[in-house]
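Paired with chain B in one complex and with chain C in the other, chain A is shared by the two complexes that follow.
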Partner chain A sequence: MTDTSTAPGQGFLSIRGLTKRYAGFTAVDNLDLEVPKGELVAFLGPSGCGKTTSLRMIAGLVPATSGRIVVGGQDLTEVATHRRDMGLVFQSYALFPHMSVAKNVAFGLEMRKVPKDEIAKRVKEAIALVHLTGKEEHRPAQLSGGQQQRVALARALVIRPSILLFDEPLSNLDAKLRDEMRNEIRDIQRRLGITAIFVTHDQSEALTMCDKVVVMNQGRLEQLGTPVDLYERPKTAFVASFVGRTNRLKAVATDGFADFGGQRFAAPGDLSGPVEVMVRPHRIALAPTGGEGVAGTIMRATFAGDILQYDIDVAGQTVSVELATRGGETVLAPGTTVALSWRPQDVFVYGAAA
Partner chain B sequence: MPAAVAKPRRNGLALVIALIAPIALVNAFGFLAPVLNLARMSFYEVEPTGTMREAFSLATWGKVIADTFYAELIVNSITVSLGITLLTLICSYPIALYLHRSSGTWRTILLVLVISPLLTSAVVRTYGWIAILSENGLVNNLVSGLGLERLRLMFNKTGVVIGLTEILMPYMILALLAGFGRLDPRVEEAASTLGAPPFTIFRRIILPLTMPGIALGCLLCFVLAVSSFITPKLLGGGRVFLLATEIYDQAIVTLNWPLAASLSILVLVIFGAALVLYTRALRAIL
Partner chain C sequence: MDERPVSPALKLLAFLMFAFLLAPLIVVVPISFSGDSYMMFPPSSWSVKWYPAIFLDGKMTAAFWTSLLLACAVTVLCLVIALPAAFALVRLRPRGAEALSSLFTAPLLLPTIVLGLAILIVFARYGLLATFPGLVAAHLVVTLPYALRVLATALSTLPIAVEEAASTLGASPFTVFRRITLPMMKSGLIGTTALCFLVSFDEVVLSLFMTGPRIQTLPVAMYHHVEQQADPLVAALSVLLVVLTLLVVLVVDRTSGLAKTFVK
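Moving on, here comes the complex of A and B:
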């Protein structure tokens, strides 16, 4: 898949044809990616899509089968992990349990033979940056999960890595802490202008935190783009259904048009035969019968406070519709017939998966 | 037991006593009583004819303390056992680390291989070592075949150390594995990304995290080495003097039970010292 946002060779981190094959399956298949300096890029996808393997290849923890990894013009593909100068924040924190917080943070600087007084200064700064001042002498086991992840972040940041890598760093935290850490990581990354890769299976994490998102599926790059690109202009059925929620409706295309419930949609390219039509639930408008649009029958109505959710039967298929409540609307009873309508740009048509 | 759940404070102590009582009783009859009996026996008198008489005499203890032979015996036993323990650790550690990192069927096969020597008795394995180490054994035939001078590998400390090291390795490997719980591949990877080369990762991360296993394995092997007598007897050929072999000789050959008893008490003291050192070491590690 070609990428429109950055031309090859333009990135600070440049990944070319990166592939990882294991006996019997390909974990990462020919990944091309350019990451400009200072950007935060998410690797988003379901488990087993190759996002973590890609990250581990960038860090040098997994050798690549083929392809190149270039950082700042230097080819690192064959360079050992400990000479790559990358910071990695693990899902499981991976702190050194036998060392204090300060010792954990100092480790990378000691490896770099930084003078003692400078180590002390930088460790103090890094610990202050993640709001853990006063916890210097604690052991990791004495800290909460969130605090441990902050130590891991400080430990990765203090070495001023060329690239900061995050491997699902928020998955082990509870929801409230996750939001907090999300903002904090974003703030720190922006303030320090660090180029970073953020692996996640959580689409809201990818959309809210990152400048660009790489959606991966079965080892392949499905789409690279800004969060808005992915949401408003998904290139594949997979992206449309993985990023945000959507109705997946079956239809048949002929002569470049898909027919669904008596309405015709422009199908891209020369699609013909079975296709999938996708519309997001909150981009559908409802009108009483007789209005313009596709006719359907309400099967179920659910009032959820901020939204009103309908399951509507349209020619044998269920369409989910969500309306934001403004107060005063009547909840339509099951059995009511309605007309569904949407703007052309909110509808995506893809060839049906075999 | 709902009552215990409802009133943990009142029933806690009773429950603890009830749970400890069986093992305490077994230990009292099976261990404490014989040891006390042994301690008592070390004060018995031995007549010139060799008969033992119930008495309270300090003669045996006086001999043990005054005769430098026994001091040498203690020092010898401790140093040889420490040497064996260290060698066993060095030989077992890589195996244990590899086993810890392997998985699936391969791990099961390796574990069975590690444990399988325990299925044959130490006596049989010692005779195996005799076949390998003796004057006309495997090693010496190979050495002389190469035109080199034959080595003295038996009837000295070398033989005892080689034999016991191999015999104790399964115990060491299992103890190490039991103590490797804190080792986490992600932690090693973290050290690597922070710039630590492989040997530094070993020194700064793997070694400290495996210290509990090392301490446990060393305690176990040291205790087993100090108390083993068959292997030192056969491979030492009566020329390696250790506490355990001396106790065996005094009890079975010379029939000087008070002396055997007093030496046994000394071994117990050494065990006690080893245990104290172990708990101190553990406290320092954790």
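Moving on, here comes the complex of A and C:
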């Protein structure tokens, strides 16, 4: 599972060079992406990085400045939204306030001129699928946020769209409901084999739900990969720090090696000059001084139940270390000197941002 | 609207304003039940004869039907013109949309008498004076700005995502407008209808310029009636008109909530 890139044309949904420019500002910059049939792909990135804009271009709600959107071999770039056969679940739900739950769900089927008795059957199924049986005649305003969200989901699912697009659909829910809905969405998507894109700025949502993750930053695709790829082999400093937590340490590279606290790390390519060294807090081992590794002094110790967290001063920089507790360990007092060590594959070195 | 505690001072202010608004009724209602043959307050005797007298007065009934027909025609035309105009201004946002909507609402700033004079001069040339189409056109000049304002506000406060959701579900732009946009604008549409109807039905100044012996609206007929004879018939008619207005307002309130329609 190392090579996750797909050649152009191999995906069911194929996005090529998709770009959106507003006056003097590029919201989405040359996005290339292939999504195989039945996969759930996350768009992950900080606020304003262009996730919603990308999704809206795919749905046809915003015209692309350039680039192509192809679904199942058919170029949809110039096709109007209502002919694209895509389901979109809005962050704001966007339910029809003047229609009942059942009418909301039936709307897409009516537009497709599905016979009446079949509409009734499919609406019933869809409402059952999202556990809203009994609420058919309620108006959206009479439902809780989570229930409205599920109506939005049922409304998009019932038309069996070729592609399902989600724009941060869970961000308005409380943590418990969010977990439930995550599992439900994932189940339904797998069971029906729907190709889907899921926009989120919550990295744990992206990692836990999706087959692949697209990390976006400032309109550009930073990395596309499986959750494991992104976490274990982040290609850029941005990905390393955005996906999971990490220590960002300053170091200087010479002759392809970075020097940090007296240890040398292979720097990729022939980086030289200032670099950033990244190690995840829980991938660092501590040993009493004298052992192998980088020497440091404990500044602060925090016991948080599951983990024991240390802030350690290493040559003037603070390194955060997390140890899983097993019971019986002694909490090292501030001032204690220790040796820090890590496996070579847990260290990433990137050129420092200018 | 949410319930908020109201201070006594605010209650007093509201009471005074209502008293001010309703003061004319305190005079008009008793006079309408007067037994005298001329307007006097307080009346020296009582009767209900002026109410049936309205319906026996041919001029008044003819003017009433003219005004009713006129208000209906103006209202329908107003909606037919203002709805697409508001949609174009708010949704298609052509170059200079701001300037255009200021221009369209400008007639509200002019004194009606100035408008009336201008319309008189122009319409006289085309033989539109004292004709039904002429009256419709003149009333549209004052009702259209209101209609455009209310409908544009109603449109611009709609969440656009709801319409987008409909289009992703396969609805063509026209279907989106018919099945989603229009129903969501319901209160704005009812408000516009009521407003246009009442403004046209009540209009005096423009109508004075535009009417003649051939055609008369109810307010103008009442005006002339008072000029000629000061009997309490007009007071009785006024009471009926107040009741009619209240009915319209009540219908609006029941169907969409008055506050929701006019207070955004």
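Points worth noting:
The rule is short, and it goes like this: the second predicted complex is superposed on the first by the 350 of 354 C-alpha atoms of A that agree within 3 Å, B and C clash if a C-alpha of one lies under 4 Å from a C-alpha of the other, contacts with A are read in each partner's own complex, and residues count from 1 in each chain.
We take it that a contact is a pair of C-beta atoms (placed from the backbone, for glycine too) under 8 Å apart; a residue touches a chain by one contact, two chains touch by 3 or more.
From a predicted model like this one, the values you see are computed outputs, not experimental measurements.
When both complexes are superposed on chain A, chain B and chain C occupy overlapping space and clash. Look at A:A94: by the touch rule set out above, it reaches both chain B and chain C.
In the superposition on chain A, A:A285 contacts neither chain B nor chain C. Legend: residue contacts after superposition of the two complexes on their common chain; A:H82 is shown touching both chain B and chain C. When the two structures are aligned on the shared chain, A:A295 is found in touch with neither chain B nor chain C. In the superposition on chain A, contact is made by A:I159 with both chain B and chain C. When the two complexes are superposed on chain A, the residues of chain A that touch both chain B and chain C are 59, 61, 80-88, 90, 92, 94-98, 107-108, 111-112, 152, 155-156, 159.
Against chain C, in their complex, chain A makes its touches with residues 59, 61, 80-88, 90, 92, 94-98, 107-108, 111-112, 152, 155-156, 159. Residue ranges of chain B in contact with chain A, taken from their complex: 182, 184, 186-187, 189-198, 200, 204-205, 208-209, 285. Listing the residues of chain C that touch chain A in their complex gives 159, 161-162, 164-173, 175, 179-180, 183-184, 186. Note for the complex: chain A touches chain B at residues 59-61, 80-88, 90, 92, 94-98, 107-108, 111-112, 152, 155-156, 159, 165.
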